[in-house]
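Chain lettering (A, B, C, D and E) follows the sequence in which the chains are written, and residue indices restart at 1 in each chain.
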Amino acid sequence: MNARPGLGQLGLSAGQKTRLHRILYQHGLRNGTALFLPYDQGLEHGPRDFFANPAASHPKYVIDLAIEGGFNGIAIQIGLAEKFYWEYAGEVPLVLKLNGKTDIPSAIDPLSPLNATVEDAVRLGADAVGYTLYVGSPAQEHDFAQYLRVREDARRLGMPLIVWSYPRGSAIDAKGGKDSFYAVDYAARTASELGADVVKVNFPHPEKSFDVPQPYAADFSSQQAIEAVVRSANRTLLLVSGGERAGDEAMLEKARQSMEAGATGLIFGRNVWQRDHSESLRFAAALREILAKHPA
Amino acid sequence: MNARPGLGQLGLSAGQKTRLHRILYQHGLRNGTALFLPYDQGLEHGPRDFFANPAASHPKYVIDLAIEGGFNGIAIQIGLAEKFYWEYAGEVPLVLKLNGKTDIPSAIDPLSPLNATVEDAVRLGADAVGYTLYVGSPAQEHDFAQYLRVREDARRLGMPLIVWSYPRGSAIDAKGGKDSFYAVDYAARTASELGADVVKVNFPHPEKSFDVPQPYAADFSSQQAIEAVVRSANRTLLLVSGGERAGDEAMLEKARQSMEAGATGLIFGRNVWQRDHSESLRFAAALREILAKHPA
Amino acid sequence: MNARPGLGQLGLSAGQKTRLHRILYQHGLRNGTALFLPYDQGLEHGPRDFFANPAASHPKYVIDLAIEGGFNGIAIQIGLAEKFYWEYAGEVPLVLKLNGKTDIPSAIDPLSPLNATVEDAVRLGADAVGYTLYVGSPAQEHDFAQYLRVREDARRLGMPLIVWSYPRGSAIDAKGGKDSFYAVDYAARTASELGADVVKVNFPHPEKSFDVPQPYAADFSSQQAIEAVVRSANRTLLLVSGGERAGDEAMLEKARQSMEAGATGLIFGRNVWQRDHSESLRFAAALREILAKHPA
Amino acid sequence: MNARPGLGQLGLSAGQKTRLHRILYQHGLRNGTALFLPYDQGLEHGPRDFFANPAASHPKYVIDLAIEGGFNGIAIQIGLAEKFYWEYAGEVPLVLKLNGKTDIPSAIDPLSPLNATVEDAVRLGADAVGYTLYVGSPAQEHDFAQYLRVREDARRLGMPLIVWSYPRGSAIDAKGGKDSFYAVDYAARTASELGADVVKVNFPHPEKSFDVPQPYAADFSSQQAIEAVVRSANRTLLLVSGGERAGDEAMLEKARQSMEAGATGLIFGRNVWQRDHSESLRFAAALREILAKHPA
Amino acid sequence: MNARPGLGQLGLSAGQKTRLHRILYQHGLRNGTALFLPYDQGLEHGPRDFFANPAASHPKYVIDLAIEGGFNGIAIQIGLAEKFYWEYAGEVPLVLKLNGKTDIPSAIDPLSPLNATVEDAVRLGADAVGYTLYVGSPAQEHDFAQYLRVREDARRLGMPLIVWSYPRGSAIDAKGGKDSFYAVDYAARTASELGADVVKVNFPHPEKSFDVPQPYAADFSSQQAIEAVVRSANRTLLLVSGGERAGDEAMLEKARQSMEAGATGLIFGRNVWQRDHSESLRFAAALREILAKHPA
């Protein structure tokens, strides 16, 4: 297990520390862990993600769920933030997701274009911004250029920057895929190297070792893998994402291993709201129970 | 049927609310619904669209029609706005269309380039701006970048932003086409996620289910489809566009279903002015009759 | 009587014409005349002005009065506009007053400093901006410099500019005072020379002829004086202000002579709201009756 | 025949109107028509265009010709304007051509890059600027972006904008070619939609109907075609360009039909100066005779 | 007699030369001389200047007079230019006066504040800008700073700069007054030293020699004085102003001596329009007769 770094150790500016402190110690369990509800799938996948639970199509339903379920923040795009967040105004922290794309065209060399700015986030009272970086994409030249401006604005304005660090593109597909230990580990390190304050990664799958670079082809347990990933992130706080809907027990085990490894928290969307309301709350409670065992 | 959201619920700034209020409650039926006359086909398709009714080639004829027919606004490009709107000066609200393109080159990866700015709209006394977003286009990277600046200027200057949210491009063609329920639903949601105040969509065709993603392959009525689309738009007011000239009864049925589903209004161009003058007015009156049954 | 110039003759841009058309033909009597309610006395004189009718201390009371009384616009400072206008959003046109001052320090060389911008006015959905120019003030150097920027922004953004053209300062006091025919006439002309679209002046008092320049020392009736003032304003539309509370009949006579002389309208504040509610409405109705006799 | 619109109807700013008035009423025939001499072929085609009359290689020769021949303006690039126009200083109006290209690389997706600014034109005392828009080019995205800045500068500085509206590129070639009625008609409309004050088009060839969109495949006379093109330009004044050197009678007939159709004038270069001096003047006189029959 | 310098000798940019050529050779007598009508007295002195001929209060009357009287230009402030010049659009050249002040406060240390910019002049289609410089004023520090920006803008935009070079202030009063030979001579030279293209001066009075510096205390004829003043202006073209209304013969003699001395022209306002219409035209004709004897 890695010791989770304290906010005072991260080289944060006063504003970034203030906003992260608000997320980690004044919401949710108030113990330095975090459970986020991401809700950008309407853009990333389209409304089909809401067919399992049509109520979840409505942003108000989901924000209410975040509050009732004791989440530390909700991550949404500018449009929903403009239209819905004013009504909640600080009841749950806002993570403004700055970029996004539809999944309609092919994603051989993906890039997630900006549709909002750090200044929008300040204006809306957000406590963090989110940026999707497609690690390994042939389009990394544009991605890094775009990211650079975001990071600079975030630093200048004291806004914590959460990087959705996602291995993607043809080269990733050719080297073990997007959730191999190799790819996730590299993504965590990339975010740290590029100045993310918080990084969101998929849970690593060490068993997906076909075609990965040699050092990752050995025999690792998933606990070993996630611990290595947290180490790669070093002073970048790490969130593990839930990804597609899967079995509850598998998800909770992922969460347990992640927290055990020193992650700061979880960011689970579809596994939370693609079921009916009481089931959503029950599952969130189970996640919180895990976080409660890992105070800062 | 969805309840149409009130202007006070949309997170609008004072200026955006003032201008939308003017459109919805001080023109047309003054009941919170809207009937717009779009007149950018001279650029988008060329003068061939006016061969059915040559009088409609003249912008003055069409603006006069908008006033006589009790429309809530007219959507035109900068050139016609500069040359003709000064003469009307507020008699009918101006929606300045900020981008557009000719249909001469192929549209595999379409992008609609800007030819005017939000500041132009302010200067001309417009009450809204229009932007065409080609949802699903491989060019979405440039489209989003261009859109971002428009959205920020619109918000800064209190100008309502109407997004022509159009599924287009090779990937859309490969997944059921531009007016499938899938494509229209995704387009409505995308506009909402990206911060449109109003979205203009085509009427969805649930029967075009070949090659669409699985959840949309089921059996939906067109009423169910348009209701889902309105839900996907949530707090973005929705306008249904008329598209190509078609049979009157089919168009009116589309209009009825849209308003029943909670749409805010209609934006019908060719179906209005591609016929002689008295027929245009008669058809507009029929549309207004439908709107009259759906006060806010 | 002078012919009132039409909006098409004033060299207005499309946006300025649109916004003035809205004020003059889509609100109030809709006949090209205007009755404005100014409500900046809380800044200019302090709350003492509300002691006569404490209800008038509340901006909501006064805006409601403007709507109920059929006014063509309400002129307020940025703070009240931000806090109250969103609720009305276009029901009555907003004139954003861009400068103002307290009357606490002496006014030997008065200057009214800016506290808002034309862009604020655009953002809030205003239909005009107001600027106080202290004609004759030794501080005219700063006043003109400040005014120049306002005029250019107003022209650039298509916003009508209403100049409160007020003779003030020690030199004015030494030459017959602020409401002499000489001073008011010079003020009207100055606003026209400097590019105001609309000018607000006090009613001229030709009988105050002591110490005025020789040509004004002759015997003029007040009707002759106000006609000369309207001529001096030429293509700048002229509003006559009410000033301090006075007897109703005297005020109505002022209004009658002004409209007869070719003024576009009246801007009466204290005479309207420094009395109880029904009396305010009754007096506004009397003013409207006069305007109704002078359609454009 | 269409009525030619007056300068007061075009929504022009004072400066645009002043400069157009100067071109149309203070030079040439002073009757509201215009004959321009374009002289940018040295860039567009290279010196080969001057082999027919080597004297025409010298800009001074051509400007002298413009003055002697009673032209309303000369259209040149920045270099010749800097080097030669100071000597003439207002004797003949200057149209500064802002973009241009060599014809050395292929023109599958042509774009004419800027080499001067509207501010250059102001500085040199020009009375209009010219911009080549390649209608239908796959590069329209960059073209429109470049054009947008020119249009805004022109409007801001009161400078009339003449658009060389040229159908070009592979898609045009596949749909009937650059001087089909379809292409020229679309080009005229595009310039009007995008805010040109004046548009320069090729004379339309309705007989080139192979592969054009269906409505243009019918039987039109050239008189009908040019009348339709003038209608498509509506309040954008239209100039017909001469194009390549051709037989005099054919050119004069083109000119007659254009003026009959409501064009404002002609812009003939190679047909004027690709012959010896006295022949050039004789041909210009013949063109002026035609213009003289069509006063505004 | 001094030889009047030609436009090609003045170091002018192409645009400045074009615009001056237009004024000097395309309007008025078209012989290189100029007769200007200044009409800023409504601001500088107030409407009292119009009491002698009330019709002259209306700017339209005065611009019509300038055209009918064959003037080479009219000098007005921004407000009248915006409201009236669009109607004339180039029929008579516009000189936009950029600064001005009321005469209400005392003028011990006068400064004429800017109320318009060179860019306004460009936008309105003006052919020159005017700037009042108070030579000798204790406020010269602010005056020069303000002037510097105007001169730079004028040069950058190719706009001729006419300086109203007026000796004023307590120090001038103490040294012989504002129209002594000493003061006028110094003012002409100052304008030339500071980069004026054209300078407007009062006619010098060598007989006002009390308190002037010693070299000017000698016995000079007025012809000698005006010749010296023209020499002081060197390559700055010189205009003699009319000043207050005076006897016709005295004015014409002033004009004769000025032109004889090498002045480029005259700028006479009150002496022209402070009389009835036919008298105004008769007097202008007499002035033109004098100019006709001094072609360039």
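Keep in mind that, in the parts below, a residue touches a chain if its C-beta (ideal position, glycine included) is under 8 Å from a C-beta of that chain, and two chains touch if they have at least 3 such contacts.
Computed from a predicted structure; not experimentally measured.
Trainee: Along touching chains only, what is the step distance from subunit A to subunit E?
Mentor: Contact-graph shortest path, subunit A to subunit E, evaluates to 3.
Trainee: Look at interface A-B and say which pair in B-D, D-E or B-C is its repeat, using the rule that over half of the contact pairs are identical by residue number.
Mentor: Checked against A-B: the matching pair is B-D.
Trainee: Would you say B-D or B-C is joined by more C-beta pairs in contact?
Mentor: Answer to which pair has more contacts is B-D.
Trainee: Roughly how many whole angstrom separate the Cα centroids of subunit B and subunit C?
Mentor: About 40 Å, centre to centre.
Trainee: I'd like to verify one number: the distance from the centre of subunit C to the centre of subunit E, where each centre is the average of its C-alpha atoms, in whole angstrom.
Mentor: Between these chains, centre-to-centre, one finds 35 Å.
Trainee: Can you pull out the residues of subunit B that are in contact with at least two other chains?
Mentor: Correct list: 82, 85-86.
Trainee: Residues of subunit B touching subunit D in their complex?
Mentor: 40, 42-43, 46-48, 51, 54, 57-59, 77-80, 82-87, 100-102, 104-106, 111, 113-117, 120, 142
Trainee: Show which residues of subunit E lie in contact with subunit D when the two form their complex.
Mentor: 7, 13-19, 21-22, 25-26, 81-82, 85-86, 89-91, 94, 119, 122-125, 156-158
Trainee: Enumerate the contact residues on subunit B facing subunit A in the complex.
Mentor: 10-11, 135-138, 140-141, 143-145, 147-148, 151-152, 155, 167, 169-172, 175, 182, 185-186, 188-196, 213-216, 228, 231-232, 234-236
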